[in-house]
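Note that the chains take the letters A, B and C in the order they are written out, and that residue 1 is the start of every chain.
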């Protein structure tokens, strides 16, 4: 095997107990500096990620999940800027590092997969040329090495290496997406961040891509942060799930917990919007209203205007994250001045909800 | 006289933002509201403000030349080749005329040409561009070929040839000739935007409502294109000023009209630069440049208004958080 | 391939349109201008010249319009443009032949230089967004793009020629003291005479390239694939050139085609101001001297040159953009 590939044995999937967290995000805040003032797109998000873990982040469009992702990878474009907190990856705080300083980590340890491969691949260069660029940027200079590794990663995602000479517009949508994933795995990084990689695909291609990703993860042992708006899709594959709303963490915990028994009214609403194909027939309920305008900060909980369980205190007090049985929820039903006066039915698992699939 | 820079990022088929979508992207409003919005945006943008002020000054001078220049421009019984003085702010020409008066009175001719050609060429461009986009098929094909051919054929040599056959002509001939040849650039841009608008939702809504095609075009499409139409007017006006002055400069306008271009013609004929009368050539040229700059600044400001990414940015520093 | 054929077809069509325009214009003008011109030269020209004029301008209309047209096209195809009246009895082709090289050298070199420099500066300005280059350049070059070419030429003449006496301001070389030949003295003289006209042309045209490149580059830098390149840790220079500029320059190349018309007009005026012996200057002389055969031929020549330049820009685009190749 080529020397580019890291030793796969050092990252067995799911070995969360033997080592500390690989990635720690502490109170990360990102704002967009506009003419009319700064708009907070991400507000004090914190979480930990262990080697080999699959973390899903879900939320509506505009909830800040993509911004969060780019903030973690230090890929923000102006006018977005990190306004607080830090991102500690393998012991190093990445916030504030220059591109040069980040080069050591980029792609070798942390790679990115974006939503639309048509936009994320340079249209005037062949796939092979782009792979070569990445390898040469990290010290691989032998033409032999480059050719071997390029063919290897393409085969990993079931693409015939003959396509090294192809240009992005010559490939199908699914192939483009897979070649992006192949590119991301060039150096078998420890963490792959994926921003809605399946959103541009049809349902069948989505499924097969997810299965392929999961298989690769089992083989190579990398951790994944997977951002999507499709909660049911990611819940099948992730170990931990984070629900975001208005730039804040709304709910966060083990997938099984969050998915089976969503505590935040928003998470519950999201789940009810995706009916199960095999479960009982339930009336489809959306979440009324529209996502909030983050440029108008308001008193109290962001979700209050749309919440079916809203209480008077919700429009006065900004809820913190409260722990409920290994899950963190940003809702006054579970803590704060209301004293956790959660109505009885919120704690019990809802019978109507099937576990999906 | 370089190619107008606005809108190059938005020619058909190129990657880039939606051309001239303007501050009211996606919403159809009556033309007047669009203009009001543009007015506000112009006031806020510094380049646009400078351009607008300059243009305003020229317009005032054109309307009230007598207020600023006491002499008649054709009066030629002064002593020739006088230098700058309080009596003659720019001196006198080789024929004994007051240069300042000529400069001031010449503004009218230039602005008339700019305005008329600007409006006429833009009208033709809107007509052809939007029609091509909406008629589609063979009509679009032939209109597009016509536009492209006129774009490619070098216009200034063509203008020279035509004016040459006509043994030069007065202002009317200039206006006619420049208008008939100069609409193609903006027509292309307008067609591109009209094409992209065709697929927009609010137009689909109008179609579903059962509105007639003509109604849709006039009441929905064109108002949305207000920003680009205004930009086209500015482009055509700029183009008219530069080409008309150039034609007059080489003697193909009527040398007896009062205009900056004709002043340059006489200056060149009398070797003004070489005989110690540089102002005779420099002053009208500077005026042309300034008026042109006014149009160009306004035009560029429109590019920024339509595409916020081009606006000046402040350098942001990533906060080093602990 | 199909794309290339379509473009070629378009060019041939445009060439034909220019030829036809040339043919129709004098016949459409009120009072055939050729007749007036002829009376001026009456008695001085031989029958052969009159016949050529007939073909070009339709003076003796004893033939139908269509047959005139056919003969005209035939003459053009064989390179027969008649006899020049100003330079009688030299043929138009020979007269033009002398002037072409001057213009090609001046305009060709300056345009390429302006394009290269302008694109490079625009790329750098966009790359360092908010830097000094980026804040100064746009307003400055917006203004310079509106300045008439000839005025810049005049200002340069005034400053460097007349006031400072640093550089010559008239002609291609010093006719009084030099004879053409590959001598260092001659070449040096030619170069010194070319500096001011070239500078004028450069100053006025470079603004467009800088600004359009900057604008397209800014848009390109916001694209996902540039962000991806950063994510991969590619060195800054490579991202700027290979990922951003290579994509941003494509609309510029298309714009190059459209701006050629303006470059041509600028060249004509600058040659006029500097009395530079190129085809532009010759065109103006022809107009003033009513040498219509020469005028016509020059118009066709300039059109042809522009078409060839556009074709070259198209080829460059196809080389740089694989999507265009695929479309063809």
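Heads up, the rule we're going with is that a contact is a pair of C-beta atoms (placed from the backbone, for glycine too) under 8 Å apart; a residue touches a chain by one contact, two chains touch by 3 or more.
What you see is a predicted model, and the numbers here were worked out from it, not measured in a lab.
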Centre-most chain [mean C-alpha coordinates]: B
Chain pair with the greatest number of C-beta contact pairs: B-C
Centroid spacing, where centroids are CA-atom means, of chain A and chain B in whole angstrom: 50
Euclidean distance of C-alpha centroids - chain B vs chain C, Å: 22
Separation of chain A from chain C, taking each centre as the mean of its C-alpha atoms, in whole Å: 54
Shared interface positions of chain A, touching two or more other chains: 78
Touching two or more other chains - residues of chain C: 129, 222-223, 247
Where chain B touches two or more other chains, by residue: 313-314
Touching residues (chain side chain B, partner chain C) in the complex: 1-5, 8-9, 11, 14-17, 47, 145, 148-149, 151-158, 160-167, 185, 238, 242-243, 245-246, 249-252, 264, 268, 273-274, 278, 281-282, 285-286, 288-289, 292-293, 295-297, 300, 303, 307, 309-310, 312-315
Touching residues (chain side chain C, partner chain A) in the complex: 129, 222-225, 227-236, 238, 242-243, 246-247, 320-323, 326
Interface residues, chain A side, partner chain C - complex: 70, 73, 75, 77-78, 99, 102-103, 105-108, 111-112, 114-116, 119-126, 133-134, 137-138, 167, 169-170, 183
Interface residues, chain C side, partner chain B - complex: 10-11, 13-14, 17-18, 21-22, 25-26, 29, 33, 36, 129-131, 134-135, 138-139, 142-151, 154-155, 157-158, 162, 204-205, 207-208, 211-212, 215-216, 218-220, 222-223, 247, 250-252, 254-255, 257-262, 264-266, 268-269, 272-273, 283-284, 286-288, 290, 292, 295-296, 298-299, 302-303, 306-307, 310
